[in-house]
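The same subunit A turns up in both complexes below, where it pairs with subunit B and then with subunit C.
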Partner chain A sequence: MAATGTSRRGRSLYRWKEYSVGYMFLLPWTIGFAVFMAFPIGWSLFISFHTVAFKAEGMEYTFVGIENYRRVLAEDSEYSVKLLLYFQEVVIMIPLIILFSFLVSILLNQRFRGRMLFRALFFLPVIFATGQVLMELFRQGQGDLPFISQYGLEEIVASAVGVQFAAPVLGVLSKAVIILWYSGVQILIFIAGFQTIPGSIYEAIRIDGASPWESFWKITLPAMKPFIGLCTLYTFVDMFTFPFNPIMELVSKHMFLQKTGYGYSSAMAWLYFAVVLVMMLTVIWFTSRSRKSG
Partner chain B sequence: MHVMTTRKVRLGRLSLLIALTGLALFMMLPIVFLFNHAFKPLNELFLFPPRFLVSNPTAQNFERLWNATSDDLVPFTRYLFNSVIVVSTTLVAVVVVSSMAAYALAKFKFHFRSVIMSLIYVSLMFAAETVQIPRYLIISGIGVSDTYFAHILPFIAAPVSVFLLIQFIGQIPDSLLEAAKIDGATEWTMFMRIVVPLAAPAISTVAILTFQAVWGDTEASTLYIHEETLKTLPYYIQTLSQATQNAVSGQGMIAAAGLMMFVPNLIVFLLFQNRVMETMVNSGIKE
Partner chain C sequence: MKVLAVMERFKSFARGRQGQRGKLMLLGMNSNDGWIAKLLLYIVLTIVAFLYMQPLLYIVTTMFKSLSDLIDPTVKYLPREWNFDNIVKAWKGLEYPQAFTNTLVIALFCSGIQVIICAITGYGLARLRFPGRKFLLFLVVLTFLIPSQVYVIPLFVLYGKLGLLNTPFVFLIPALFGQGLRSALFIIIFSQFFHGQPKSLEEAAKLDGASAYRLFWRIMLPLAKSACIVVFLFSFIWYWNMYYEASMFLSESFTPLSIRLDNLDRVLTGNTFSQFNIQLNPVTEGAKMSAVFLILLPPTLLYMVAQRWFTEGIERTGLVE
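Moving on to the complex of A and B:
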């Protein structure tokens, strides 16, 4: 009896010792995260159930229940439409970005002369990540592809995919430029991912008589699965938190409007967030499932 | 048969190179544009349709920018100094703090691990814009407004950096760490000597991204800092371009300022991207 008691205490002591190292490494980040991420996010949830008035002595909260959410859904005509359109667009964009960056990174992973230069060039979009440069370009009208209107592409697309899908498809086409410029980090992740596959495996499978095509399907793709998942998630986050996306613009616009205010815009953000989260969890679920089976 | 396949491969490679070159040239367009735009004289800036390349390059935009800044109370160099301090401190802090956290989350077992992981996923979705006001209240609540900390602290707990690093640190084989442990390495030596070098590509990526975010950030200067001498360069350039937006000469100044903001991005990118290339292949990382 006593023996099991000590051993259990010994075990828990050992475990605590093992755990404590992890805690030490995690501690600085956790503090920062709690103060500057978790707490503000919780606060904004709290605010979304209130109306906020800025008074001289501070902020005044009035509890209104789900009134803000109801108004966003029922009364705001702009919100639902923009949300729907943006989702349509993103659902098309994400696979395109992943596919494009995966292909480019495979090409860049080959051995050829000047590949360092090419890699550097394809990572360049990373430094437009903050959007200032891109916005400047759009302001100048250089971001669009002029041939879309020139060659009457709109009608062709509309007749090909049907009128109701024409708008998102055209949106994607006109944003081909963005797809290119948004794949910087993804290409980077993929190439870094390729480096984790040791060359000896490829040698071994080649000696066994596998073609490059087979070795791609049997070795590269399974080994890259976690990175594909990572990239998908990253693209997801990137697209949805992009400060110039129509929803974020709407949220920021309402933040300081007299009629709607901070509570209303928080409710907007949380609704948006809920939808995005459901989509993201689906992606995570899929990738974790494929990882298990793969 | 064999000869034919090699020829096919060679042909494929050639077309591949051509396609890549085309795309790469396309990727360079924004940079070419930025540089050309900053050196355009006024009459070229207002051409319609806008021209991509400059035909009579001139430095007058930079001169104007310099003259406009020399009348101000706070000298231009002060903003630059603030930016350099803030960016370098934040960069070091973010890299150290997030790689430590990612190491713990990827390689250690402890309570609440899955809770923290899901918290990271959740907070990834939250754009900074939506939590501006609560953050402002916290900054003033803990009494760091009007200090450099107000610039630095909000960036440190970046969920994106940890999220990227976890995946890469997770790829480091446990056996490597165990071997080091048996050889008597402390946790800290293992972190510094094994984890950090092997995760160098991911860490460089994080460094590049963090630099972008901090260098271009105007939020801290706008919201948390009232003291003019503690604000940073992007804020200054923003106010400058807002003040001169409607003036004809302002456009040239904005273009020049845009280039000046961009060049450090390019330099940092070039510095770090080489590290990203460093292959882990030869280090025998994978089991």
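Moving on to the complex of A and C:
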């Protein structure tokens, strides 16, 4: 009895020693998370239920319940319109980016001279796609595809998708090149994804008499499914945390307005985050399902 | 209906002999040796690359345009005469040497710190067993998803209380605790990398009596060299280009390049309100593009030197699993 008792205690002591190493490795991050993440997030949630007044002795909070949220949803005409418009744009932008980067990565995955040069070229925008530089380029009307205005595509778009959807479609088209600049990382992920498919499978299916066309649909695409999911997720996060998207700008604007203040803009940001989180979880759910079935 | 008809025609085309060749050219996974396919590949890539690079061309040519060229709508890309005033103006307006140093200090130190701390955290999450590991991993992913606007004001107040505002420490200290720019992404990269290493490494180290810390510093971190380089480069670029966070925490005295670009209009024209003016101002357009060029030059040079690691590193780190 005594022998087993000590050995069990010894084993649990040993186990805790092992665990403590793990906690040591995670310690700096956990401290940082508590101080620079959890605390500000909690505070901001607290503030979103209050109105904040800046006084000489510090900040003064008045509890208003869900009044801020109600005002954002019911009274702010700008917020819901911009949110809806931006979501429409993103819904168009994400497939565009994924499709573009997938096609380009197929091309770049071929063996040809100067492949590295082209790969380097397509990755270059990751360096340029800085907020401030991008804004400057948008402002100067750069980034639209030259043939859109030349061939009067605006009317074609309007008649094809209806007038109410024409605005986001055209908005996307007018900055198409810059939006495609967001595909740098996605192209890399796809190229890396192609490397995970062993070449012997292609040989086997070719011997079985399948054409490259069939092998693309039967092998390449199913094997790339998880990578497509990963890229979608990455693009999603990139688009929604981009500090220059109209919602973010609205939030920043209201922070320092006399009438609305920080409580109001916190409520705005939280509502936005809630919507994005729901959409994100849907994407994750879909990709994890496709990975299981695939 | 029309779509269906087109699809049908496309399918029959694909089945035909001509289609077979076309398919080989388009998708040919292992039949891209024909020179027609190669030529087509080059043409398509060149066109796409040109479209892709067009804004860049605009930056570089606008830099050299004089005011009369900027107003003249017939001048699209090439300026009539090459004008170097813009660069001088931008250099002075940005106070380039000083702003360059500021930006470099932040980018260099923060990304260096970030590599180490993210490697430590990623290693802990990937290779060590302890209760709550899954939960911590979940928190890491969560921090990746939260937009910074949600918590930026409390952070601002917090930094103000700590006396960090408008000093480089406002970025260095969070980076030291694994809360730098996109730290969560880097932690995930490292954790994926360490996850893919063989289990025998730990067993061998245990037999030799090496502690977990020794194992990490002596074996794991050197193994992760490629991941370290990728993380360092990305982190450097993102810190260099950082705008939103910098505009909140570094708006005075210790300002990086991106903030100065924002203020350039005001500096050059002396107009306090021009910051809010979305209209184009042809007087400063050339100077602004020169400023953009000056800002982008250092990371581009870095990219040219380290290009191989950028594009190949992601494959090697096993980020994609």
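The rule we apply is simple: the second predicted complex is superposed on the first by the 238 of 294 C-alpha atoms of A that agree within 3 Å, B and C clash if a C-alpha of one lies under 4 Å from a C-alpha of the other, contacts with A are read in each partner's own complex, and residues count from 1 in each chain.
Keep this in mind: contacts are C-beta pairs under 8 Å (C-beta built on N, C-alpha and C of every residue); 3 or more make two chains touch, one makes a residue touch a chain.
Because the structure is predicted, anything quoted here is derived from the model rather than measured.
For the composite obtained by superposing both complexes on subunit A, the positions of subunit B and subunit C are in clash. In the overlay built on the shared chain, the residue A:Arg206 is in contact with subunit C alone; subunit B does not reach it. When both complexes are overlaid on chain A, the residue A:Met280 reaches subunit B and subunit C alike.
In the superposition on chain A, A:Ile92 contacts neither subunit B nor subunit C. In the superposed model, A:Leu73 lies in contact with neither subunit B nor subunit C. Using the contact criterion defined above for the overlaid structures, shared-chain residue A:Trp43 touches subunit B and also reaches subunit C.
Once chain A of one complex is fitted onto chain A of the other, the partner contacts of A:Ser215 are limited to subunit C, with no touch recorded for subunit B. Of the two partner chains, subunit B is the only one touched by A:Pro198; subunit C is not.
Legend: residue contacts after superposition of the two complexes on their common chain; A:Val64 is shown touching neither subunit B nor subunit C.
Contacts of A:Ile106 after superposition on the shared chain: subunit C is touched, whereas subunit B is not.
The intersection of subunit A residues touching subunit B with those touching subunit C, taken from the two complexes, comprises 18-19, 21-26, 28-33, 35-37, 39-41, 43-44, 47, 59, 104, 107-108, 110, 112, 116, 118-130, 132-133, 136-137, 140, 142, 180-181, 185, 188-189, 191-192, 195-196, 199, 227, 230, 237, 240-241, 243, 248, 251-252, 255, 262, 265-266, 269, 273, 276-277, 280. The part of subunit C that touches subunit A in the complex is made up of residues 14, 20, 23-24, 27-32, 38, 41-42, 44-45, 48-49, 51-56, 58-59, 117, 120-121, 123-125, 128-131, 133, 136, 139-140, 143-155, 157-158, 174, 176-179, 187, 212-213, 216, 237, 240-244, 258, 261-262, 278, 280, 285, 288-289, 292, 295-296, 299-300, 303, 307, 310-311, 314-315, 319-320.
Interface residues of subunit A facing subunit C in the complex, by the touch rule stated above, are 18-26, 28-33, 35-37, 39-41, 43-44, 47, 59, 104, 106-108, 110-112, 116, 118-133, 136-137, 139-140, 142-143, 145, 177-178, 180-181, 185, 188-189, 191-193, 195-196, 199, 202-203, 206, 211-213, 215-216, 220, 227, 230, 237, 240-241, 243-244, 248, 251-252, 255, 262, 265-266, 269-270, 272-273, 276-277, 280. Taken in their complex, subunit B has these residues touching subunit A: 13, 16-17, 20, 23-24, 26-31, 33-34, 37, 49-50, 52, 97-98, 100-101, 103-105, 107-111, 116, 119, 121-127, 129-135, 137-138, 142, 153-154, 156-157, 159-160, 162-164, 167-168, 170-171, 187, 191, 201-202, 205, 208-209, 212-213, 216, 258, 261-262, 265-266, 269-270, 273, 276-277, 279-281, 284-286. On subunit A, the positions that touch subunit B within their shared complex are 18-19, 21-26, 28-41, 43-44, 47, 59, 104, 107-108, 110, 112, 116, 118-130, 132-134, 136-137, 140-142, 180-181, 185, 188-189, 191-192, 195-199, 226-227, 230, 233-234, 237, 240-241, 243, 248, 251-252, 255, 262, 265-266, 269, 273, 276-277, 280, 284.
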